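So, here come the structures, one by one.
Shared between the two complexes below is subunit A, which pairs with subunit B and subunit C, respectively.
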Partner chain A sequence: MRKMILVMLLLSIVLLSGCWDRYELQDLAIITAAAIDVVEDEQIRISVQIFIPRAITSGETGEDPSTGSTFVREGVGKSLAQAVADLQTNIPRKLFWGQCRIFIFGKELAEMGIQKEIDFLVRHPSPRGISNLYVSQEEAKRMLELIPPLERYSGEALRKLSQQEIGIDTTLKDVDVKLAGDSQSIALPIIKVLVSPEESRQGNQSIPVIDGTAVFQRDKMVGALNMEETSWLLWLIRTLKNGTISVMPKGNEEEVVMMPISGNVKFNPHISKNTWNMTFSLEVEANVIQNETLLNLHNENTVKQFEKEIEKVLKENLTQTMEKLQQEFHTDILDFGKRFHRKYPDEWKKVKNNWVEKYPEVNVTIHVNAKINKTGDIGPPAAIPRDWVEEQ
Partner chain B sequence: MRIRRHPQKKKGKEDTNRVPISTKSQDLLTERLDANVKFFTDLYKDSSDIVFRPFTIGNLKAVVIYLDGLSDIEKLDELVLETLMNKQDISQTDIIQSLIDSIPISNIKKISTYTECIDAVANGNPILLLDGAKEAYALGIVKYEKRSIEEPAAETGIRGPREGFTESISVNTSLIRRIIKDPQLKMKTFHVGKYTKTKVIVSYMEGLVDQTLIKEIENRLNRINIDGVLESGYIEQFIEDNPFSPFPQVLYTERPDVASANLLEGRALIIIDGTPYTLIAPVSFFSLFQSQEDYYERFWIGTFIRFFRFIFLGIALFLPSIYVAITTFHQEMLPMALLLSVASAREGIPFPAIIEVLIMELTFEALREAGIRLPKQIGSAVSIVGALVIGQAAVQAGIVSAPMVIVVSITGISSFLVPRYSIGLSIRLLRFPIIFFAGFLGIIGVILALIILVIHLSSLRSFGVPYLSPVSTLQKNGLKDTIFRSPLWKLDFRPHLTGEFNAVRQSDNLKPSPDKEEG
Partner chain C sequence: MMIEKGRISTGQMELLIIPTIISTAILSISSIDARLAGHDMWMTPILGSSAGFLTVYIVWKLHELYPGQTPIGYSQKLIGKVAGSLFGLLLILFFSHNTGIIIREYTGFIKSNVLLQTPSIVISLSLLLVAALAVRGGLEVIARTAVICTFLFLSTSIVLLLLIPEVELGNVLPTFENGFIPVLKGAFIHQSWFSEFFILAFIFPFLNNTKKGLKSGFRAILVVMFILCYVNFFVLTTIGVVAGDLYYPVYAIVKSISLAEFFENFEILITASWVLGNFVKIAMFLYAASLALAELFRINDYRVMVLPLSLFIFFFSYWDISNVVELVNYMGQIQPFYLISVQTVIPLFLLLIALLKKKRSDNN
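The block that comes next holds the complex of A and B.
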């Protein structure tokens, strides 16, 4: 009898408490990307891209690339939470957020502020901290409707583009941390629909591509950097692996194109007599990938001159970009605030509350040290008679 | 009316009246031949295979009794009957002793009780009864049909001896004697089984084995009081430390080389007549994952294969459960691309994942069992049907999903990687409760099951030796031969079992290297 009771008790552990959060895959609507827009009456609209699982029969995936393997459904509400609740009423399966790594905000919403939406996403246990956030130039929902020719769905195309390091790469966690931190500024990549021949052929066949950077002061978008400015900005954030940098040597009308292979930025905050200074030291190593001039790159002096040129080009452009961030947008996306806070905690306390006013007054000095590592397999320009080559 | 009755329990110890031989059998033989013969004819009444052969030596009456088919009749005729019947001069004083001395057989035993006579006859030794003699003589001319020595069927290998134990215990002991020539190799005989009187030999290396272990084995063997021993499993189940554990606590082998290796490591063998399987005790969890070829091939191979086995042990135990847990509880753990593939495959499958797993696993187990039990001629039919049931056909029918087929197949293959069949059975059995844990509690359930398993394994002992040794109750030297298989010239110490003595196996510095003087 006692054994029976024991068995019953053990069984009840399994039968009464078990399986409460069990969901079969057939009962889940797998969300691959989500877009958040603001619609009339300041209502929030969430659109989600949901994967359509199709039974695999005899080895074929059964996915027709022209119709896509996803569909878009939306929910509207006063807040994001209500919109999501509304969305759930339109979908027979349980929404599964665990793999949704793409959140796109409409530009209109971004300009109004995204703090409330971020709160929902961070509070909800399912969306991942490593999810990528984007700002869409047009209606965010439009990005989900695109059917990429290569990837299974447009969210995947976007995620892979982000991995290419061509734009800024900001995750949900970054946003949460930075907005709560000292600098109170974030930058998100801006995306737009790629206008390509495919689209003209078939309504939705295109992909979203990165088209600059949206800069936020607190949670409100205050402006945008175009692609070129973004690439300069990236120099100060991390190594730019896929970009190129071209210089025009003195007295030449053609360019030498180089690709950076490694870079290192050092920030040196410094306060002297009430003037706040920030010094960047940028170390760059680059390889020559194309030589349009007639110069022989095996010449040491030529290379030295190029290095000078790179330094000049970088310095000019970085200064311009910094000026834009400081004077035009007043956004501290390079975390000056945090850096000053660390080095000068006492001074920081005084300016902490009006950092937005203080920030544009920080003097920025940029030092660049460039080095050309390899000039490629050949020195002089290719396919040109020897005696045309300028040895300088 | 009571439905359940326990007649055996009621009777208790009085049950001994079921012993077949009457109390009279303890009596001594009498001097009168006809009285002795009458006893045996009564005893073997209705037994058609008993043979009584009365004859006379001069005027002395004599009888030979034997069981047909157990003794060498040719030798009996030529060496015993012919020699004795041709004796004419029987007027000597010490007639009986001289008669016996004249029989040209090396193994003649003088016995004086009925019991001994019965045993002798049952074992194939004809007994010679002489009129006027108080003793009978058991003639050691046993001969019965037996299987020849063949390659072990269940423990095959590429490299290594191809001899396997047979059903005959004398052949088995001789196979071990041929490997270990030292007289320190001891063989102690026991008889187990009231009716079968099966010969059981405990074999060990004196000086290498802890004597308390031998005493313990003897005690446990002497406790056994059953009708018969038909296979080593009967003994195994009566001498286990924890009879409720799913894990085998005694190893069995049908290879003389494996048996000898264990003897040399200080373990004991329990050799049982009538079965090619010899028991080895004590064992540890890790010795269940060793095969003889780990040692015969070079140590890189041995180590690699052992790693492999443990990885696949994990797969065989946990893969179906982890699949269930992840696809029904923790979908976010799957990478996106895999999740979408699995979701696509599972679309339209009518069963929840746990039911699907159970269907497939049970089908697989059924197929495996059918493959063993069926006559060999029908075996191929099973594999054809099996390929359909666990395969593309089942997927196309929309009953199970393709990933599930892969999971079950990998699990099946993994469970075949275990070199010892007995632990393979445990793994097959344990897989099912773990699947239930996973189905109800997800990964937490799997981890819970793992914790329970580890706790159970840590508490197990085999003849007093911790089951997880040398890992739990850590012994550094033992670790060289667990998951790793160190080079043989590094294995300088025997495994630490119950005893502490005689640990050194070989001299150190055995690593082969060029002669220093030459170099």
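The block that comes next holds the complex of A and C.
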């Protein structure tokens, strides 16, 4: 028995020392964001933003803000996998993907299709399913080269922007699930370089910001929605919480601006006699945040009228956005396919294989029910003599 | 002849048998389920558990007819010395082979997800060695380690609750899209795991309260069924039928947990606790194989068999399956027939013979 214990103890020296899978921090190149572009001869180029740990520790002595705490390296290859292998030859340390939560695709690549690249990312054990994906207006690599004035590196700035629900939020897992699923469409946020108005800042000292939505049919980008259309799209997905909505009451040339505080969206698929219908109902509660008109908001009828106006504005714009998706881009990013499949499995089987043709034929009805919750701390317009205020 | 002197309680038996079924099942069963049963995968364990109830009932009846004996002992009395010994040999080979495959599954998972650079021989041998040491300690030692290991193993399943914000209940719809057959197919995969309850035949004789065995066996089946349903439900409602493309869907969903940007990286916790579950499973099978081997060859101490048998099992883990694709095909196409025929069908015949014999002797 004693011999046995001795053998075990000796063996544990070999096993417990960590052996093969031990990595020290100084052996790793920590990737914070990655950008994938297509370059000449249809080659794939991957650029990665690598964190320099030293740049943070030397903060006290005053680091040079123009250099930043990251650097960018790239690799080129026929496929993404080969490009990553090429990238490793340019970096003395082992690439570490565990912290990389940002993948940016160049617009050119997005238009050619991203399925092959997605396969690499999903197959590889290190990139996480919760990583965010973006499409870059210009070369994707450019986004990594930016040095944000506030955050440590541009990837971090982008990640924080995504959390603010300004644009659409799509993860690697979503892309895999949706492209393999019924709808066969995805939407990714488009980003661009923010042009800083400050003259004292150099061109590189900026951040990437969200500039719309790229819509995909299968894995190919077929079009883009601008920032305004994106905000209407977000209404269709979930209620936009930090956007604003403005209405112009009848007989007025000024606007009343409101901010939605809570809401509820619901899709109801319905098939009757071969016509496929989708009813979208939106319930929204809003607060008035600015009143440019002379109307008194203490008046119940005025508020009631506003509610109707919001409903009208929302309905108009949502219908337009919906039409754009259906008739212009033919992309089912709102998952109509999935919703029909769940409710009408038998009918779905018949159209499953030509859903792209069937999808534009779906009749969409939009119902909006708006309620005004508060009009702010005051009723009548502020800083105006009492007798100028219009009561009705 | 009683080789094992230790006695365990029914509670310990449950803690031994639960990880014996679950630890390999949660790894990739939901992937096969998603492929076969699609949206209905959440209910397959419920149907699959019927094989567990049947197996436990058979084993219990045989135990009642031949109290204090293992299948090696009573099979010789039932179908004669030669046929009984052959059945015993089959069981030993079956246990060794099955343990080899369990180790292969374990090593494959660890090697491809956690310890990418470590040679697989180190991963398999280290766990096998620890299990062998526990088995050498006897049934009581295995049972006591199982109390700790199973508790730690099962408690980490709470982590899945962090996925609740991402649950999309609609993924369950449409139910019975392609009729009832896909559900049966999925359940058929599950029954192979539930038939592993046969191993209770080697524990029932050593219970300190032999009357409660059947009840606690059934209770263990319910727990296993519940956990498999729970896991399948989260896989289905978070990633849906795409789970069929993944080799390790449960690992994938745990990896995607991100609650408030703070609760993340749970996969390491899950993997560490899962190793404990596998330890219990391998120890359990190794124990059954060693005990059967010793009893068949009338050796008084089964402990001498453990280490040689471990080496044999280690070779099995390399001989049979060459990669993960083969492994998944084996689990989906061969194992359901293989496991149930050895662990449920043959014991069922033994039980029928035993009942006939009893009837005849009663008549006389």
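Everything below uses one rule, namely that the second predicted complex is superposed on the first by the 364 of 392 C-alpha atoms of A that agree within 3 Å, B and C clash if a C-alpha of one lies under 4 Å from a C-alpha of the other, contacts with A are read in each partner's own complex, and residues count from 1 in each chain.
Methods note: contacts are C-beta pairs under 8 Å (C-beta built on N, C-alpha and C of every residue); 3 or more make two chains touch, one makes a residue touch a chain.
All values reported here derive from a predicted model rather than from experimental measurement.
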Practice prompt. Would you sort A:I384 into first (subunit B), second (subunit C), both or neither based on which partner it touches?
Written response: neither
Practice prompt. Classify the contacts of A:R152 with the two partner chains as first (subunit B alone), second (subunit C alone), both, or neither.
Written response: first
Discussion item. For A:P53 in the superposed arrangement: first (subunit B), second (subunit C), both or neither?
Written reply: first
Discussion item. Applying the document's definition of touch, where does A:L10 land relative to subunit B and subunit C: first, second, both, or neither?
Written reply: neither
Discussion item. In this superposition, which partner touches a larger number of subunit A residues, subunit B or subunit C?
Written reply: B
Fill in: Which of subunit B and subunit C A:V195 touches, first, second, both or neither
neither
Practice prompt. Determine, under the contact definition given at the top, whether A:F96 touches first (subunit B), second (subunit C), both, or neither.
Written response: first
Worksheet entry | Which of subunit B and subunit C A:D21 touches, first, second, both or neither | both
Worksheet item: Which subunit A residues contact subunit B in one complex and subunit C in the other?
Response: 15, 19, 21, 128
Discussion item. Could you list, by residue number, the parts of subunit A that touch subunit B in their complex?
Written reply: 14-15, 18-19, 21-26, 28, 30, 32, 51, 53-58, 61-62, 96, 98-99, 101, 126, 128, 152, 156
Discussion item. Show me the residue ranges of subunit C that touch subunit A in the complex, using the header's touch definition.
Written reply: 112-119, 122, 126, 170, 173-174, 177, 239-242, 245, 252, 255-256, 258
Worksheet entry | In the complex, subunit A residues that touch subunit C | 15, 19-21, 125, 128-130, 173, 176-177, 180-181, 338, 341-343, 345
Discussion item. Quick check on the complex: what are the subunit B residues that touch subunit A?
Written reply: 327-329, 331-332, 334, 336, 339-340, 342-349, 352-353, 396, 398, 402, 436, 439-442, 445
